[in-house]
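Labels run A, B, C and D following the written order; every chain starts at residue 1.
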Amino acid sequence: MRAAFLDALTERMEREPDLFVLTADTGFHVFDDFRVRFAPRFLNVGIAEATMIGVAAGLALEGRKVVTYGIAPFVTFRCHEQVRDCLCHPRLPVTIVGVGAGLAYGPAGMTHHAIEDVAVMAALPGMTVVCPGDPVETRHAVLGLAGVRGPAYLRLGRSGETPVHAGPLPSFAIGRAVDVADGGDVAILATGTMLATAVDAARLLAARGIEAEVVGFPTVKPLDLDRLDRVAARHRAVATLEEHVASGGFGAAVAVRLAGAGWGGTLRVFAIPDEYATHAGSREHLLAGYGLSAEAVAASLRDIVRGRPLRARPGRPGAGRAGGSGAVRGRAGATRPGGPR
Amino acid sequence: MSLRPETRTSRDLAARVRADVVRMHRRGSNVGSAMSAADVLAVLYAGALRLPGTTDPSRDRLVLSKGHAAAALYAALARTGVIDPALLDDFLADGSPLTGHPPHGTVPGIDVATGSLGQGLAIAAGMAWAARTDGRGARAFVVLGDGECQEGSVWEAAALASRLRLDNLVAIVDANGLQGYDRVADVDGGLALAPRFEAFGWAARETDGHDHDALRAVLEQVPFAPGRPSAIIARTVKGRGVRDMEDRLGWHYFNVSEADLPRFIAEIDGWVTPPARPSDPSSGGPRRRQRRGPRARAGRGPTGPLCGGGEP
Amino acid sequence: MRAAFLDALTERMEREPDLFVLTADTGFHVFDDFRVRFAPRFLNVGIAEATMIGVAAGLALEGRKVVTYGIAPFVTFRCHEQVRDCLCHPRLPVTIVGVGAGLAYGPAGMTHHAIEDVAVMAALPGMTVVCPGDPVETRHAVLGLAGVRGPAYLRLGRSGETPVHAGPLPSFAIGRAVDVADGGDVAILATGTMLATAVDAARLLAARGIEAEVVGFPTVKPLDLDRLDRVAARHRAVATLEEHVASGGFGAAVAVRLAGAGWGGTLRVFAIPDEYATHAGSREHLLAGYGLSAEAVAASLRDIVRGRPLRARPGRPGAGRAGGSGAVRGRAGATRPGGPR
Amino acid sequence: MSLRPETRTSRDLAARVRADVVRMHRRGSNVGSAMSAADVLAVLYAGALRLPGTTDPSRDRLVLSKGHAAAALYAALARTGVIDPALLDDFLADGSPLTGHPPHGTVPGIDVATGSLGQGLAIAAGMAWAARTDGRGARAFVVLGDGECQEGSVWEAAALASRLRLDNLVAIVDANGLQGYDRVADVDGGLALAPRFEAFGWAARETDGHDHDALRAVLEQVPFAPGRPSAIIARTVKGRGVRDMEDRLGWHYFNVSEADLPRFIAEIDGWVTPPARPSDPSSGGPRRRQRRGPRARAGRGPTGPLCGGGEP
């Protein structure tokens, strides 16, 4: 995703003379040429994420547009209040780019995992939250964000993601869902880095004779409610996929809409359970441990479509808030990834 | 912008601001903080700032990083013709554009909304950098509290400002020696401010923050060193201008009762000689016994709603 | 709530010799006697919220329990990453107390409003989130949190809240809902400072012949799923009330559960819309502007029970994510409070 | 804890740590950061720390605030008998307890998990304060990066530590002059570290961060002043020990290829004379032309997965 991001950003820098790019000491091999070429509009503020947001606000108050860049947890959690007060309150045109969505930096440990970033950004009034699903969506998102007037959070994976879309998406727009595959048995709604998993799961289901509609929601906020309503009207079984905890995430936003309208179907929220990884592990390893592989998702959806019980599986809906029988529970019960096995 | 006839001099303006501030604080907390900064703001708005309150791109910017002194800013804007003085009457009232901390976009003349301490310096640095990149002569002034300087974000931004050589950036610390729940020296161990700014690459000067001539003189000297941002440590007295309030922690929270109002206003109107010596920010000693006001003092109003203190 | 908090905390300080209390320069008239009495275990760290959390972590790693105190937005947003990494990761027994829940500091402006704090705390794995509804629940919560082993967020209003409960609640437990009123027509689930509004709304409904069950959820995380399931089994119309945005809040957590089980009823999430107050206003003034007064809630629920359409009202469900027809929308459409009218 | 026979001296330990670190970084980034800190950690674990790796309540605590140098910490723990050296082989592998940054609770000997820069000093201050309140003689040591010192949270915690008079707190800055995407001096304008710590109420000393005798000598002198926390500015070279890596930004990210491994290990084993002078943290000058490694250099492996850099 980073290559697509960089290309699109370069185009914007060429076109938009008032666009500035700030980094919090991140971007080796990403911005090496870029920073030379656009020198007066590029700044490494140092290991100083809060200052980066403040400086971005100052620039934006003076009529500039700004893109800030850093590792996802550091540009969301570390400077959350500055994002809130300095950018969201005055609705400034600053896009915060976080690399390392979800468990992309799996082996690094929890400080480098961004599994709550969508929740903390989406909670902020006026914030647009965009989680592209592949390099194609990334490019569209970067270009599309030029038209968003308030603050935005752009959540990128890292490098080497498989493209899901074969080519440009003519109808892509910030705030609009993307149709990926058609099917009448179950709907899989995916955001960001889980889009490829959704597509793979749909393929696995197809091999078992179950037809899944796959819809990408690169924009988590504002959510494409019209598209969602059409999904709800068609399906009794809907799944959401996100590389994020359930609490405050994409699935929860979908749930608010579905539960608000007498829908009566079954929503399965596939999300990271309410725990931090304690051991090292690649993204794929950790996700598999949480029941978030394409195989596990497909198996679980097969059960839903065939009407089997839901509760006892890993990656269960509402894991982020699961509270047992009213008492405080210990660690979540999902398979723990990366344990010394 | 132009000074209204009744505020021809910065001292006139300061007196008007103080009277307004006291009146406004029949509602709300932080009267002491606003009184403390009244002279600094008056000197800025009565001449030291270029084109304040206008929308001229080359005007000097003012960031009130200690946003809880908003009332003093509103009064300064009102008494220099930027906003309607009638707005002051509704300070904090339902529907008023004048919130307890400077808002965004509800009235003219406010360059940026603030209220959470420690955020203003980075914003001001961004503004100063923007001004430099487009060659406008604009400068950015930021007013900080001395307690506020405990926030690490102040020093994080300070380092970047000096690295960017923003000599069009001026920080003024309202060093009144009190913060929200203690004397500043009791909380930071009495760390002096000027050496800290200097260690972060700034040029710093101290001055009496209530002496208008001294303030003007030091403001005329910025930048103190080419290529360096300037820090002015303004020694002040919290609550300055009403003897009952001066250097008393309680007046960070209390509001002014109707009963006290005439007496306080009269004191401000008749105010000529400075009633108390500005505190030396690096020593918390002399007035320590006044550390917190007694639990109940005659003549103060109910606790204000703003800052997390007050009757539990 | 603060008086109840202080009383209960004082009892705990007497009983628990390893309990420390830190404040970020807040607590005038709250801790005046307390700080003298418990001097070696009380510290004003200064205006330094992030350091407060770090120091709390250091103390807790050395076997202490810690309560940190401050104004809600500053002890949640400002130091969010420290809470996450230093407290949640090692699951340390530190309770973060935030005063000024929701719009309690209404006139102060948005920097002092805590309308996203539940979302950003609840998203953190292992975090317990408790929002007492009145002084009685506050007391129970403070005492109950002594038994919670990991980090917790205790969200308090300020002073002078009306007690909702007549006396102590013998069955109160962290993680358990509280039954407040019975009724079969509609269920009102409320958390925190909206509990009194729920009770008032139920009274207004009763006057119109509609019987509402009122259940308090002082613990937002972990949510009392058993109680919620019983609500869902009994009611086709459920409302949630919170002094918070919809995104990542109490209603969203409820929605994930309800949408997960083929429920088929109608959930109305009453929440603060996706915007910051732009003008001054008391809590009551601002809430009324958002359609969150008892009267507005009651009127809206009357419509639901009588089967009227839902979409066009203020305080609408999903406001936090409402996105119109897939395009980025301007300001939310709800009544704007505090405007110059 | 006891030193294993092969690491009787701190220099032996440092050499083992470096060899381990290079081997471990066939996976993952930050080899240069770990090499930079190897001598500091070796001196600490080979004698300067009291009872490291034990669970004795009066042991000295070690907070690796620059958590991305975790490999050096793991190696030091392995080579001093605290954890099984076989664990090093699985560094970063699926299921390994050794994550890229120090974890919580998966292996003994780690006092606190880190990884996000700027958080360690406040935690260490809490530990030092706890130790003082219960009269144990424990001290808290915290190792910081020089780039890390841009984080305001470092200075926020520094002020509190000096106010609490934590003279059982020792900060060691691994001042290698490089950070994640630039020379430190290019990012902070060349601000010296010692004066900043002093302005925040600490006592500070500079030393050669690769000279074990010098390090030991300075560590024996803590606290440098009664009632003050101590800061040691350790002048180091990033990547120290493998000439190809030294003072090169790229080795913040690259991993070690199988092809290079034997050569690098041989260099470390045969390493006697310091190959490069420690950088002077207050001047970014001499080696600036080496600012970033060329885009492709023979003999280095693919970019590591950890730190947000690497091929886009």
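Points worth noting:
Operating definition for what follows: a contact is a pair of C-beta atoms (placed from the backbone, for glycine too) under 8 Å apart; a residue touches a chain by one contact, two chains touch by 3 or more.
Bear in mind that the values here come from a model prediction, so they are computed numbers and not experimental data.
Note on connectivity: the fewest chain-to-chain touch steps from chain B to chain D number 1.
Just to note, of C-D and A-D, the chains joined by more C-beta pairs in contact are A-D. The chain with its C-alpha centre at the largest distance from the centre of chain A is B.
Centre-to-centre separation between chain A and chain B, using Cα means, comes to 42 Å.
Taking each chain's centre as the average of its CA atoms, chain A and chain D sit 34 Å apart.
Put simply, the C-alpha centre of chain A and that of chain C have 26 angstrom between them.
Of all residues in chain D, those touching 2 or more other chains are 104-105, 113-116, 150-153, 156-157, 159-160, 163, 187-188, listed in ascending order.
Within chain A, the positions touching two or more other chains are listed as 45-46, 48, 50-51, 73-74, 78, 81, 85, 89, 110-111. Shown here, the protein chains touch in all possible pairs. Put simply, chain C touches chain B in their complex at residues 2-3, 5-6, 23, 25-32, 44-48, 50-51, 70-71, 73-74, 78, 99-100, 105-112, 158-159, 278-282, 285, 338-341.
Interface of chain A with chain C (complex): residues 73-74, 77-78, 80-81, 84-85, 88-89, 110-111, 115-116, 119-120, 122-126, 128, 147-148, 173-177, 219-227, 236, 245-249, 251-269, 273-276, 310, 317-318, 320-329.
Contact residues of chain B toward chain C in the complex are 27-28, 67, 90-106, 113-118, 147-148, 150-152, 179-182, 186-188, 249-250, 252-253, 292, 295, 303, 305-312.
Those residues of chain D whose C-beta lies close enough to touch chain B in the complex are 150-157, 159-160, 162-165, 187-189, 191-192, 195-196, 198-201.
Residues 104-105, 111-116, 119, 121-131, 133, 140, 153, 156-157, 159-160, 163 of chain D are the ones touching chain C in the complex.
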